[in-house]
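There are two complexes below, and they share chain A, which is joined by chain B in the first and by chain C in the second.
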Partner chain A sequence: MTETTQRWKSIITAACFGAFALVVPALPEYAVTLATSILITSIYVSSANLLTGYTGLVSLGQAIFWGSAAYVVAILSVRAGITNFFLLLLVALCVVVLISAFFGVLALRVKRLYFMIVTFAFGHVVWCVAMYPMQGITRGYDGIKDIARPDLGLSISLTSGAQFYYFVLVIAALCFLFIYLVTRSPFGRAMMGIRDNEHRMVALGYNTFLYKYITYVLSAIIAGIAGMLFAYFNGYVNPAELHWLWSGDALMMMFIGGIGTLWGPLWGALAYTGLRYWISSYTMYWFGIEGIIFILVVLFFRGGIAGFVAGMQRRLSGGRTKD
Partner chain B sequence: MDGLKIERLSKSFGALQVLRNLSFMIRAEEKRVVIIGPNGAGKTTLFNCISGELPPTGGTVTLFGRDVTHMPPYRRTRLGLARTFQVTDLFPYFTLMENLLLAFQAHDPCRYNMIRSMAAHGHLYDKAEKLLKELKLWEKRDFPVTSLSHGEMRLVELMLGIAGAPNILLLDEPTAGLTCSEGVWLAGVIQELLKDVTLLIIEHDMQIAFALAERIIVLHQGEIVADGKPEEIRANTKIREIYLGTCYG
Partner chain C sequence: MEFSVAVAQVLNGIAFGMLLFLLAAGLSLMFGLMGVVNLAHGAYFMVGGYVGLTILEMTGSFWLAILGGAASGAFLGFLTERFFMRRVYGLHGHESILLTFALSIVLSDFSLFLWTGTPRWVQPPGFLDFSFSFFGNPYPAYRLAIIAVGVLVFIVLYLFQEKTLWGAIVRAGVDDKEMATGLGINIPLVFTAVFCLGAFLAGFGGFVGAPILGLHIGLDVEIIMLALAVVIVGGIGSLPGCLTTCLLLGLSDTLGKVMWPKYASLTIYLVVVIVLLVKPSGLFGKETR
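Right after this comes the complex of A and B.
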């Protein structure tokens, strides 16, 4: 019974988002750009949420996968002249899978705080490698610019803001659908079991390492997809995309939006990107305000925006049953 | 047939030697073996070494003829070993039903499925329903597991242990924290429910220990001081000394 209500709630929420998302291109150009940016960021935060919110692995290295995929697109399209989207997608995902498969084996040997520190260290190593030894390929601090919009090889053009927005919307919807399915599946249940009580999961007979490893690689793939879209969207990639600060931002957006919930990452990306856009037009102290918002959320709204919305829904429906 | 064989098992934490050269064997035909011993005798550490949560410092653990000394815990459960914990160790954010589903899913081929919804795996619900009805907790299936009483939580602890249909089940103080009558009741449930399973039980309550046991192993300061039928143990003066010694000494 609760399952059906839950499903209906999810469907209604998805429909609301969907309806809103479809009319966005009717808004002014800057709003379309902002919405595209929010969608891309929400995919990235979702990837971190899969790892942290659902499986309990706090990583400070999620930007590795976002940035690597962005660089694959930048390097291959600008410097090697390869424009086909599907080919770039294949290469970017292979790169991301290889990196995450390698880092995952090492990082998942340790737990909790140590896992976070190891992922942080990996993030820093990758950032340094992109900055210095690979400067010849990545152009270091300067980054790579003039990345063209994706070429799907079909008769669909993605050059206008609205067209590209719809393209991102479709991919974001697929990513959210996938995460929704995973979290309802036996695999997702096991992820949450590991988050809540790994000790007991081992005793029950789960190979918890394998679950965490698969989740780590999956979350890297989703972060990679977001990073690719970002490279196309922004047209410019620099080492900041690999920096651990951007991994930290993912955690922050997750907390603001609602950790361990399906829509939390979208709320978080919306609040974070939207507020940054709005506040930074008044003051240059955006980071300070961001910090204050974060502290307030952690202190007073543990469930983030998603938790607040769910609480309101509960209160409203509770009031209705009383009548 | 060999069930569980422990040979020269020892475990130290730094300078503290908790298990000293333990050796014993439990045949698969033996159904009720109870381990007793005063606090700090090394009973739970012994369980941790058997289940694989702690690597022993020396010696071997053999399960159904296979050396499992270095095998990870989850693979030991595949061979038919399961355990419960002295301190109730459930999934606090899940409902009772969800706790059980997670336990039943652990040995089901669907455990790696990431696309089909949990709700589509009806056979897991059927198994959970059967067990919940058998133990009269069906009405409370949608309760958060932490809202159950202590006695009920001990029962759920037991259910998680038996969900994988083990051949050997390690029960670490199944009646811990229960009143005398609740303990007797739970012991009855265990007797009834797990007729064909070899149980290795740590038990503090002597009344329950002697009521359940076919064989009793007495552990003291990491060593086996006695191993035999309940009546032999009852007649053993040395054991009386150990217990009286720890109580009054």
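Right after this comes the complex of A and C.
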């Protein structure tokens, strides 16, 4: 497939998603809420995808950044009374950059599965810290509630569901555009080179550590943005947002949607959030059912939804093979 | 800290390290042989404990309960390897992580369904339910028994690995799978056997450890996290290295909880960070990673 057709396809897909996304607020209120949740989750999954799908670093600690940013918003807005969105954004991103810069130096000293284990351990550390030593600030298990919607300091109100939905939509679009541009840039090419064969990239003279490190921090920033939006959306933050299950869910949604593809995270977030919403209304054992779905996907549906869609497109356009 | 209390805490740390060893030995062998990080390994530990508890309540026999717990672990390991892992060997690596992640949450939710969320305790068996007098302070015999069991398991595993034909086959598989296959060794069978053995030890540890650690939903994650820390700190390679790392982490965890209760369970990760900074290949790791 040539570069130009690829680009056209991305633009058309974006236009389709965009057109649909714009009319969502015409739907009933619960659908708007669900769509907002899907968009926020898709930003989070995209951040993990940048790291895992494009750079080949499988991390089980992505919830660290989602949860930290959510906690920054919760703590500062509820307990310290700081409401300006841009100020909170600045603080949250600084916190996320600091944490990821520190963990990145350590975790990137090891490769492949060891990297996964180390990020897993860091995720656990951050969860423990939020639960016990910082209990006075984070309120432990109880979490922090009554987070107000963002205050942009302008004359725009974000109190209604539809208004907040559009706000999230704009940010999600910017994040997806950013990821699209990064993956098309020479930097993005280097990321994929590292994913496919790191030794070769070293031999070509690339400082692969630096590329991986920058990607790790970038991915943390995007996860942090998603976490902030979540805090505003949910109005309530508890340690589950830092838990490794949520890090694992990011990997899973990426896998369900289509790993290493631009729109895969959106598909994955859509499938996961939709299923969770639907199944949770019948049973309390959502996690067990989620696990069974995950197992089936890994065993029988490895290309994910994006792979399935691409296969369908190929079949429709006359059964041409890939490449 | 008073001397006798310090000795008691050191013994606690060693006992905890031995429990970790029961888990980490299997985990690092699977990692070395199959290149798989089995996130469901902690679930075998927890389910083994619960199954043992159920058998204990039904029959009243501690021995049967141990056997049942270990057997349930081995059975789960067998299912995992035969029906799930076998389909994802040789893929990118994230497939096996996702698969074991999914299995662990299924097992955890299934345990919640069967045994509910109420934390449970197991009474040590009658013949071990007493205390030694240690510098004037009582010390439970059961913990000493766990240390003894850990040493015994280590010796048996070590002899198995170094002195028997089966051990030689496993070592050959770790070193070079293709060559071993070429020599007529049935590697898929070895994989299944190692998975079962590792899971057997995990299930065994789950019930044997229950009188100390208790049983609750979430134990699987707590314990797998520590066993994975053993893999990071120790590296994979040698059984004695694994035992040493388990004792080191068991001691740092227990002593950390005594000295800084507020930062409980974080001391282990301090060790992890130091090792990553100083020797990323792990204290006993052979390969660069």
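Going forward, the second predicted complex is superposed on the first by the 317 of 323 C-alpha atoms of A that agree within 3 Å, B and C clash if a C-alpha of one lies under 4 Å from a C-alpha of the other, contacts with A are read in each partner's own complex, and residues count from 1 in each chain.
FYI, contacts are C-beta pairs under 8 Å (C-beta built on N, C-alpha and C of every residue); 3 or more make two chains touch, one makes a residue touch a chain.
All values derive from a computational prediction rather than experimental measurement.
When both complexes are superposed on chain A, chain B and chain C end up sitting side by side without clashing. Of the two partner chains, chain B is the only one touched by A:193; chain C is not. Judged by the touch definition given at the top, the superposed model places A:36 against neither chain B nor chain C. Touch criterion met: A:202 reaches chain B, while chain C stays clear of it. After overlaying the two complexes on the shared chain, residue contacts for A:60 are found with chain C alone; chain B is out of touch. Partner contacting the larger number of chain A residues, of chain B and chain C: C.
Contacts of A:47 after superposition: neither chain B nor chain C is touched.
Of the two partner chains placed by superposition, only chain C is touched by A:110; chain B is not. By the document's definition of touching, of the two partners only chain B reaches A:181; chain C does not. Looking at the shared chain after the overlay, A:138 reaches neither chain B nor chain C. Figure legend note: chain B and chain C, brought together by superposition on chain A, show a least Cα distance of 9 Å. Common to the chain B-facing and chain C-facing surfaces of chain A is no residue whatsoever. Contacts from chain C toward chain A in the complex involve residues 31, 35, 37, 84, 87-88, 91, 93-95, 97-99, 101-106, 108-110, 112-113, 221, 225, 228-229, 231-232, 262-266, 269, 272-273, 276-277, 280, 289.
The touching residues of chain B, counted against chain A in their complex, run 51, 53, 72-75, 77-78, 82-83, 85, 89-94, 98, 101-103, 105-108, 110-119, 121, 142, 160, 163-164. Chain A makes touch with chain C in their complex at residues 52, 58, 60, 106-107, 109-114, 116-118, 120-122, 124-125, 128-129, 132-133, 244-245, 248, 251-252, 255, 259, 285, 287-288, 290-292, 294-295, 298-299, 302. Chain A meets chain B in the complex at residues 2-3, 181-182, 184-190, 192-193, 196-197, 199-208, 214.
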